[in-house]
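Take a look at the structures listed below.
Here chain A shows up in two complexes: once beside chain B, once beside chain C.
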Partner chain A sequence: MPYTLRRILNSILLLLVTISFVFFAGRMIGDPALNMLGPGATPAALEKLRVVAGLNDPLWQQYLHYIGRLLTGDLGVSYRFGFSVIPAIDLKELGQPVINIVLERLPATFFLAGSALVVAVPLGIFMGVTAAAHPRSIADRIVTALSLAGVSVVQFWLGLMLIVLFSVQLGWLPTGGYGGFQHVILPALTLAARPIGRIAQVTRSTMMDELAKPYIITAQAKGVQNHRIVYHHALKNAAIPIVTMIGDETSALLTGAILVEKIFAWPGVGLLIIDSLSRSDLPLIQASIAVVAALVIIVNLLVDFSYRYFKPEIILGRGR
Partner chain B sequence: MTGYMTRNQTIFRYAASVAMALVLSTQVMFAAPMKGELVVAVAQEPQDLAAQGAYKEVNAPGLRNVVETLIAQDPVSGNLQGVLATSWKRVDSRTVRVTIREGVVFHDGSRMDAAAVANSINWVWSLKNAFTIQEFAGSGEITARVIDSSVVEVSSSEPDPLLEFRLSLNGISSSKQIADNPAEHFSKPVGTGPYTFGEWQIGQYWTANYNADWWGLSSDDAYGTIKPDWTSLKFVFRSEDSARVAMVQSGEAQIAMFPSSDECDRAKKTDGYSCITGPSTTYLYGRLDHSLHADERLKDPRIREAIFKAIDIAGLVDLVGLASVPPGQLGPKGTVGYNPDVTAYDYDPEGAIALIAKAKADGVDVDGIKIEVVGRSSTPRIRPTVEAIGAMLNSVGIKTEIKVQTPQEFNPRVRIAGYANEPGRQMMQVHVKGNPSNDYGLLLQSNYACPSIDDPTGSSRSSVYCNEAFDAELANALKSTGEDRSAKLRKLVQTVHDRHLIVPLALLDRGYLVEDGIDFTFGSDHRFQAVYLGAAQ
Partner chain C sequence: MVDLSKPLSPTDVDESRQVQLGWNDYMRAILQDYITFFALSFVLLLIVFTLGADFLAPHEPTGLNLRDRMLPPGSIGRGGDFYLLGTDELGRDLFTRLIYGARVSVSVGVLGAVLSAIVGVTAGLMAGYHGGLLEDIVMRLVDGMLSLPSLLVALFVLFILGGGFGNLVLVFLVLHWMVFARMARGLALDARNSAYVQAAVSQGCKSGRIILRHILPNVMAPILVLFTLEIAVLILSEASLSFLGFGVQPPDASWGLMISGGREHIRSAWWLVAFPGLAIFFTALSLNLLANWARAITDPVQRWRWLAKRTKFRKSK
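Here is the complex of A and B:
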């Protein structure tokens, strides 16, 4: 079986396992109807919800229905207004398809994660390359310290400190919310701190290995310009670990945006997950996590495929 | 060469996809606050904006600017006053006849007449519906019928001296909307208030716009201290305390809800804004398991008194911050049934030790007692509070186990449906309770009466106490009115105090950071209403 096809099938299987885990976990933490409506719900409201949501069916039947609906793009209906369930009204009229709610939030998450990557990737690579090109210099020490700080800093603390500095003290940027380019700067910086540090660390170490190889010395002996050696030869050959790290960090940005979205009230999928958890909105929790899981799996798949562009001589999967 | 081309293509694709994400995302932009807009940073997003939510201001902040009630509590005097009702009169113990204000229209243009009011009341209080107001405001279905175009008769299924108060809780909203588009009733409120609903950006904010056709602008008896003078209101959701405070500090919001006591102290030294605080009707209390499914040793009055004597209430108030020492009852002075002779439980650790020693000498297995002190994670400063209580009990020789549980874990444990499954329990639940009704009736019923799990509302009640004589006296008190009711409730308040059932730990204040130049008048219910909130004169 071709590698590409095998990787795609593996990814689909992984997604199915993740979705199944979320499905069963949601039903193992108690009565889903009671969780959704709360302890104050009347027996009539609870029963109404169980009937409408199919919660009275055997678990295996619920699961098969869920997977069947999933294949048609139907991830269920959110009972956002669940605490005010009115048996007189069809719950489906009150609810919204969860897939629509999640898709509405995705652009905000992409915007935030994309902005963080736009900052993190070039800056992290530049810092790493600079440090590797000048080992044990002041620049190297500064990069090492900054990258360590970026990896170690607690996002919650950093976000609040940025708010205090740029919003309260300097009055340059808004404290949060979603309203345009100026609103994304602080959350993107907060989110970018860790990937900047990690990309810089990986770039530094792989570039130092690469720059010590004989072909680099040969190129230097031939009088090739230093920046060309570093950026055109060494960096390309050191790209695979860096791209892998960028892929990892992209996945982490999608999932790790939860805390940053909460601090800055950024209406992305992360805030939606927190919101749906606090409301015990089971269909919305399932859909949000399924979509984020799908995105992470797609990113990882793309990273795998990208290896061929950087090292065409690598034929992935052969020899197994 | 091929390698460079491939890399460039990859970089181009990467840049293009990021640029596309940026372009797509920036299309969903929101307008910046304008002059004349009041921005309030609130602690949580409403569950919904249904008219019934007018009772829960903290959970649905600002809703009363759009949806009005028939009757409302004046934030300064606490007296009931007419809003959409011009007058009301008691017919009997179950019924009130209400005269409706004439000439008022809903924001969708439909008439606010007796038929619309009756529809709205029947919708909110119908037992077939499961609105949370029914849990909050006590049992008994309320129904309304039209007498003529401007008079409705509102009746409770049970004798109800608090019927007028209950009518001050539910918002009156458009019957047309309920008939035509009931789903929007939950997200796009249509009321009669001084502001019309604007938009609700889920996860961000909701807005309301000035209503130039509001009936109160041309009425001499409109409620409020001022005519509304904000062109729009914006309630921005920020769950992080620090983020709300930063919004006021940076000038993005004029008011921030519920800053910490430290932030309030800091505001005293800062120009531009100040912290204003006021008492709420919310108490922090400790409820100790008693007769229902509890360990038998907790029925021993000496053990109970010792536990209550071991708690340093004043110390806990300092720890909680923005709070005051409560009386030994869950209601402030002025509440019907308030007993002036009931004061806070004394802090007397030596007395507690002596009581325990006495019980031990009489053969009570005190060493086997291990009180589970449990708080709910959503309660402010709950971790240090339960830890302090645990340490206080330990100091007099009572073993404890400290827990802070999520609402999902905690809530079922404080309702009979949940704790019926925990026989022999030894729990002190540290929880909060509001008493906004100015009457001890509902509070005694929900906190001290023996709940039957078979009763329609029994399984969701919280009382841990079962005493038939007490229940009979309470049932009798609930049917009475006037001074007779006060006297009966006073006696019952004394009884529950003497039996050491619940220890009130703190009367919680609530605070706001408010930009200088804004007058904000609020009562113990802490509502954001533009008619009580304006530019300082």
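Here is the complex of A and C:
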């Protein structure tokens, strides 16, 4: 089987295992009908709901049913969203399809993670390259210190401190919420701190190895300009570890956004996950975890495939 | 002694220096390396405070004192008590609470890292040494679990099982053993073909003995470096999970939980959030620095550089 296909099939299998795990584990937290209607529900109402929602069927039947509907993009309806006071019995009519709720929240998370990446990737690479090009200089020390700090800091704490400084004390930026450019600055910076540090560290160490190689001397002897040697010759050869790190950090951003969204009341998928967990809204939990897990797995897959572009001579899948 | 008729390689120099350099020289070199010295002292201090919290804490961890509520750092309370880092909304001394919080945060991190290391290294070494089907199964599992979003899975599992110390450690074990397994397998693959393992095989050692007595001691250094880094990672994850309310549960106090509690008062009492976060920051920073240092001195070439630089500097003074 070609490597690409095998890799894709593996990813699909992994996603299926994750979704199944969430499905079965979710049934361990207690009676879904009781969760839906709340402790004040009458036994008659509970029984009616069980019949309507098919909760009396054997678990494996419910599971097959769930997977079957999942293939058509239907992940069930929410227990909580779309009801004014208490959930009605007729779920199909009133409950919102969870997939819509999740998809509505995705753009906000993409906006946040994207802004963080736009800051982190160029800045991290620039810091790393500068440090590697001038080893033991002041710039190198500053980059090393900053990147260590970025890796060691607790993200949500950094976010809170930024709020104290820029929103409470100085009053320059809003403390949270969703809106224009000024709303995204603090959350994006908070989210970018760690990737900047990681990318700078990896760039610095791979570029140092790369700049010590003989072909750099050849290029210098030919009279190639320094910045061209650093950015065109060395950086492209150092790309694999850097791209791997960027990919790792991108999937970390998607989950790291959970905390940052919570701190800044940013209405993305992360906040949705926290809300649905605290409300025990099982279908919504299942759907949001499935979507985020799918995104992370896709990012990992793309990183793997990007190796081909940077080092065509690597024959993927053979030897490691 | 080094044979001077041949050109010197850094390793030769290192061997010859190792004979001359003793414990004192290492100590002197550490004292010269301010950053590592800081990291080492911080970690040692943390261990002392964690173990001796009952003797070293200036106040009772649950000692309410409603007259001394929300005092800023460095204030003296009405009863004449001195509060180094201020007090919280119930008048409890923040410094004392930090020390007791360290107990929980640090022990979750260390215990989680120890257990994942034991499981991961065992699985990785066996997979790398034996190869075949075992390796396929272990590595497939490692690759799969590594590409899962670990914070999200941790959140979900803790939501199902409920938070608390034991469950937190369990989740960390399940979600972090792969890191050790991947590294140990790579190291075992290298070691399998080395002369010392072949010598052991030819003497008739059983594979369990080879892995435990021959390979493990030789691959211990990189694993210890990873172990140090993992403690930092776990302390940060514990803080995140506890902050969201899925980790350590009150009345236990961890640093993450303290930040979460202080968040309500962030406008009036910044110190309630700032100091627990700084405690996590310096702990993670020190562990990262120590890991870098350990990586350097377990590498013969770099160790020689590190020692030579520091000791020479001292002598010329």
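One rule holds in what follows: the second predicted complex is superposed on the first by the 296 of 320 C-alpha atoms of A that agree within 3 Å, B and C clash if a C-alpha of one lies under 4 Å from a C-alpha of the other, contacts with A are read in each partner's own complex, and residues count from 1 in each chain.
Keep this in mind: contacts are C-beta pairs under 8 Å (C-beta built on N, C-alpha and C of every residue); 3 or more make two chains touch, one makes a residue touch a chain.
Everything numeric in this text was worked out from a predicted model, so none of it was measured.
Residue contacts after overlaying the shared chain place A:256 against chain C, while chain B stays out of touching range.
Once the two complexes are overlaid on the shared chain, A:296 sits against chain C while remaining clear of chain B.
When the two complexes are overlaid on their common chain A, residue A:3 makes contact with neither chain B nor chain C. For chain A, the partner with contacts to more residues, out of chain B and chain C, is B.
In the superposition on chain A, contact of A:273 is made with chain C only, not with chain B. Of the two partner chains, neither chain B nor chain C is touched by A:126. By the touch criterion defined above, A:180 lies against chain B but remains apart from chain C after alignment on the C-alpha atoms of chain A.
In the superposed model, A:231 makes contact with neither chain B nor chain C. When the two structures are aligned on the shared chain, A:307 is found in touch with neither chain B nor chain C. Shared-chain residue A:163: touches chain B and chain C both.
Residues 29, 160, 163-164, 168, 262 of chain A lie at the contact with chain B in one complex and at the contact with chain C in the other. Touching chain A in their complex are the following residues of chain C: 143-144, 147-153, 155-157, 159-160, 232, 236, 239-240, 243-246, 256, 259, 263, 266-267, 270, 273-274, 276-277, 280-282, 284-285, 288-289. Residue ranges of chain A in contact with chain C, taken from their complex: 10-11, 14, 17-18, 22, 25-26, 28-29, 148-149, 151-158, 160-161, 163-164, 168, 251, 254-256, 258-259, 262, 273-274, 277-278, 285, 289, 292-293, 296-297, 300. Interface residues of chain A, counted against chain B in their complex, comprise 29-30, 35, 37-42, 44-45, 80-81, 83-89, 93-94, 101, 105, 107-108, 110-111, 114-115, 117-118, 160, 163-164, 167-168, 171, 174-181, 236, 262-265, 267, 271-272, 275, 279-280, 306, 309-310, 312. For chain B in complex with chain A, the touching residues are 2-3, 6-7, 9-10, 18, 21-22, 24-32, 45, 47-48, 50, 52, 127-132, 135, 182-183, 186-187, 201-205, 236-240, 242-243, 246-247, 249-252, 408, 411-412, 415, 417-418, 456, 460.
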